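Labels run A, B, C and D following the written order; every chain starts at residue 1.
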Amino acid sequence: MKNFFATPLSEEDFKKKNFCFETWIGNCFYAWDCGVAIGKYLEGLKKGKIIGVKCPKCERIMVPPRIFCEWCFVLIEDFVELKDTGRINTFSISYISWDVKKLEKPQIPAVIEIDGASPGYGILHLISEVDPKEVKIGMRVKAVWKDEKEREGKITDIKYFKPY
Amino acid sequence: MKRRVCIVGIGMTPLKPLSEEVSYKEMMFEAAVKAYEDCGINPRKDVDTFVCCSEDYIEGTSIFDEYVPDQIGGALKQVHTITSDGLFGVCAAILQLLTEEFKVAVVEAHAKASNILTPEGVHMCALDPIYTRPLNVNPIFIAGLEYNSFLFNYPFTQTDCAEVVVKNKKNALKNPYAAYGANLSVEDVLNSFPVAYPLTELEVSPYADGACVIVLAREEVAKDLKKKPIYIDGFSFIQGSPNLEVRSWEYPRATEEAAKRAYKMAGISNPNKEIDFCEIDDTYSYKEIQNALALNCQDIIINPSGGSLGMGYIYEGTGLMRLIMAVLQLRGEAGSFQIKINNELPKKALVQSWRGLPTENSCVLILNRE
Amino acid sequence: MGRRVAIVGAGMTKFVRRAKETGKELAFYAAKAALDSCGAKLRDIDAVVLGSAPDTFDGVHMKGEYLSCGAGAFGKPYLRCYVGGGTGVFAVAVGWYYIASGIFDTCLVVCEEKMSSYQPHPQGAFLTIFDHTTERPLGPNLLWIFALEMQRYMQTYGIKKEEIALVAVKNKKNALDHPAAQIAAEITVEDVLNSEVLCYPVQRLDVSPVSDGACAIVMTNEYLARRFTDKPVWVSGVGWCLDTAYWTNRDLAYPRYVEEAARMAYKMAGIRDPRREIDVAEPYDPFDYKELHHLEGLMLCGRGEAPQLLVDGKTQRDGELPVCPSGGLLGVGNPIAAAGLMKVIEIFWQLRGEADKRQIAKKAKRGVAQAWGDLMQVGTVVVLEI
Amino acid sequence: MEFKVNKKREIKHHLGQLPVESLYTAGIAGEKFLLGLKEGKFLANYCSDCDFVFLPPKLYCEFCFKEIPDEDWQEVENKGILVSYTFVHVDSNGNKLENPIIVGAIKMADTDTTFIHKLLDKVEDIEIGMLVEAIFAPKERRRGSINDIVGFRKVE
């Protein structure tokens, strides 16, 4: 004889809070050290450049940068400047935000293979200035940068990529 | 244990209060490279399984195990996380090696404690959300209650506990991997800020950054590697209760149970005579005395490395750092802080760790040079 | 091959959207049900394994410690293992190494997840699975990565949305026969295609729900197994594999990490030709296309061929290779780690002929359960046989 | 190993948080207990197999996994012995406190557990072994929470 316990509460119950409960808002803040590789990457973004690295052994050119090749397990010291153009590897059209709120205007996240990096090496970013229906895998795109004065060394220094 | 497992490689970064020159990945990479060089293996070819020890809230990343494989040579290989102190991770690796499906295992643990801007806020989230957290008291109160109960029920004084701090910080002065070596007096300790009476500020292990990686192998593989293997004669890990109302306040009963089992496995009946030194948990001053009592090893050298009071507390890496320090001693590689027993290198060591507040658990390893 | 390891008992809670029980109480219900199912007492258990996914769901830091008493770990050796969504199946691998090591004779494996604690919506917890510096500032939603992977999969092999929707139809229907199911339903392909587009090509009915629940199993060595049951189910292979964290550097069209994990498990189980030697499969299906993707990774069909198996009805309960006879995550629910273990339990019940209305038509001797997790990165596989 | 790469950088950190907002149900046993507190009562329960009384009560005995039946719930007296205490001089954000928060571990009458709560007495009056009782919040302010108890005070 199998038993399957659990006492379901409805959305209504949760709204009315007709049960004993406690709430808590976590106070969890961090300042993550960027280190060598991501530090260089962010510095590059501030200057309007996308920086990658080249493995001395397999010669793969990778982005985002890292100081090790995960396949050869060797130290990487060779930072290379990549282009700010690329092609769409895959994309989506998102109608909800990260916390599941409806978006007025859909976002188009995509993996963009960066020109100058080895084939298949891409980064996550957004596509804009395009009708969502027109977006295709393989489409060529170019970074749209924030004004130099507004750039602060973050991934958002690239506003988005747009077809060109 | 009939089949034997050994520690064949160690790698670590010196502990520091800050480590802003490198990211956590780069810190892990440095420790991993050192460990693989130490035993002369290539992780891409020679390692069969990897265990990483980390907790999401400490990293500030959910499902943190995503971010561990690349920098330790584990990409597209057998990697998993044990959310516990590194010493528990070592137990997970030993169990895997004993199945005979694996020959070489790697265990990693690290901390970027300096990256947590709100360590208390993070720690609060570990308290029971219904019975304890709503009281909104800093979790250090649990240490205060334990300490006070210990002093009340056992023949030790606060001065005895302060002496632990003096000893460990002094030992740490000789240890190049330690971040918090100091020459203090008992009065300095007793007169420091009273965090949670009777516990004072200097009796709490200060946070540090650092990464530790160790390589374990089955005996038959270990023989062919670069360094003399250190054998694991016994191991045990025991969970107590997460509920404060059921917790044992005055005595670390999980340590006693873990020790009992590890001694049995290692065939040790009189630890004070048979073990040469130990590296044990000293997150708080009184913990070292409590744990030594429960381990029944009060008469031997305790924490020659300086413990976490002297070296720094690196969250899940703390126990793994204790183990690495013990391996250095057994190999005779401890240099400026090397201990000798009757002019000879120590032969047997005990390592023990605890996961910190509010948990009740313990892990014990018995190491043997022969 | 080392020592043989058996599963002798299993139990689970009902999967619900919001449970009144605490996480500990859910874990207890499942653990107790597993012990009762084979007449075991807690004192018969040597060691305990807990599987649970992100701490932010339950909202408790060091959640493994918090849940330990509900998993029956007091005074016992206890570890919490963690490989994201792959945890549920991986916990069985930890149970396997506990026992195959020869150190422990019996163990209890418990998986729990209480997602409803996270406010206002559990999906928000997934923001923080992305890289804090290079990705999180873009405000990613969990569905992004699935949508990106689904798009890549569809494009590479020319797969149609209609074919993928059939998975949701099959699994939600299968779940009608599962007494613990949260969102079992009789739906059509049109219902899926007409449901709200969340993150193109992912639509509402392509997605499994958020859930609270727990599952547990009892494992023993081969000598003790028959003390607890007449029908032990053997864990003949376990496998796991974690791919690189740089997910934007990988081709998402094929889950090579699942293949690596499967190869490890098959090798251990002595399986050479999985298509012929496996009778029933429970691949991980948090999204409908994932079932197909994982069937390919498990090498139960060629790359891009899984949709045809489905269209031909071969993966129905009366088909050649029944897939997700339980109803999967899409139908039974998805309390992350518990959902993975639910799949192992389903294979356990199927092999013992105890799946009641869900019992598959063919006589099954060997089955495989698989889970997946992290940033489309980890594969965990368990092969069971009777 | 040495890094030859230039470590001098202008960008050192990336700031962020783990946004976690949670709503925790008190659970099956917890709700019963907290509703008891709301009435000013301490409800405990008893595992007859382990001969152990839990306060707060549990759905199950964590030592033997017996599901504790309703008939083994009982009210216990609002009276207990202080088994340990501490004066906490830092708040939950790590800031120093001028007036410490006093926390006690209290063994309530006829229970085998230590109940954790704040103590309301003066620092100098507190000693291990003293008899204490819970002071409840005014009835209208109670909502079924551990904070329905304001704290514990020495019984004269």
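Methods note: a residue touches a chain if its C-beta (ideal position, glycine included) is under 8 Å from a C-beta of that chain, and two chains touch if they have at least 3 such contacts.
Computed from a prediction, not measured in an experiment: that's the story for all the values here.
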| query | Moving only between chains that touch, what is the shortest number of steps from subunit A to subunit C? | reply | 1
| More contacts between chains, C-D or A-D | A-D
| query | Centre to centre, by mean C-alpha position, how many angstrom separate subunit A and subunit D? | reply | 42
| field | subunit A-subunit B separation of Cα centroids, rounded to whole Å | value | 35
| In whole angstrom, how far does the Cα centroid of subunit B sit from the Cα centroid of subunit D? | 28
| request: Send over the residues of subunit B in touch with two or more other chains. | output: 20-22, 33, 56-57, 60-62, 69-70, 75, 115, 118, 120-122, 124-125, 129-130, 134, 241, 243, 246
| said: Touching at least two other chains at once: which residues of subunit D meet that condition? | reply: 1, 7, 12-14, 16-28, 30-31, 34, 62, 93, 145
| said: Where in subunit C do residues touch two or more of the other chains? | reply: 19-22, 56, 59, 69, 74-75, 116, 119-120, 124-128, 132-133, 244, 246
| query | Looking at which chains touch, is this a line, ring, star, complete or other? | reply | complete
| For the subunit D and subunit C complex, residues of the former touching the latter | 14, 16, 18-31, 59-60, 62-65, 67
| subunit A-facing residues of subunit D, complex | 1, 3-5, 7, 9-26, 28, 30-31, 34-35, 93, 144-145
| In their shared complex, at which residues does subunit B touch subunit D? | 20-22, 30, 33-34, 37, 56-57, 60-62, 115, 118-121, 124-125, 129-132, 134-138, 140-141, 143-149, 152, 193-199, 241, 243-247, 249-250
| said: Touching residues of subunit A toward subunit B in the complex: what are they? | reply: 22, 24, 26-39, 66-68, 70-73, 75
| subunit B - residues contacting subunit C, complex | 55-58, 60-63, 65-70, 74-84, 88, 91-92, 94-96, 98-101, 122-123, 125-126, 128-130, 236-243, 246, 257, 355, 358-359, 361
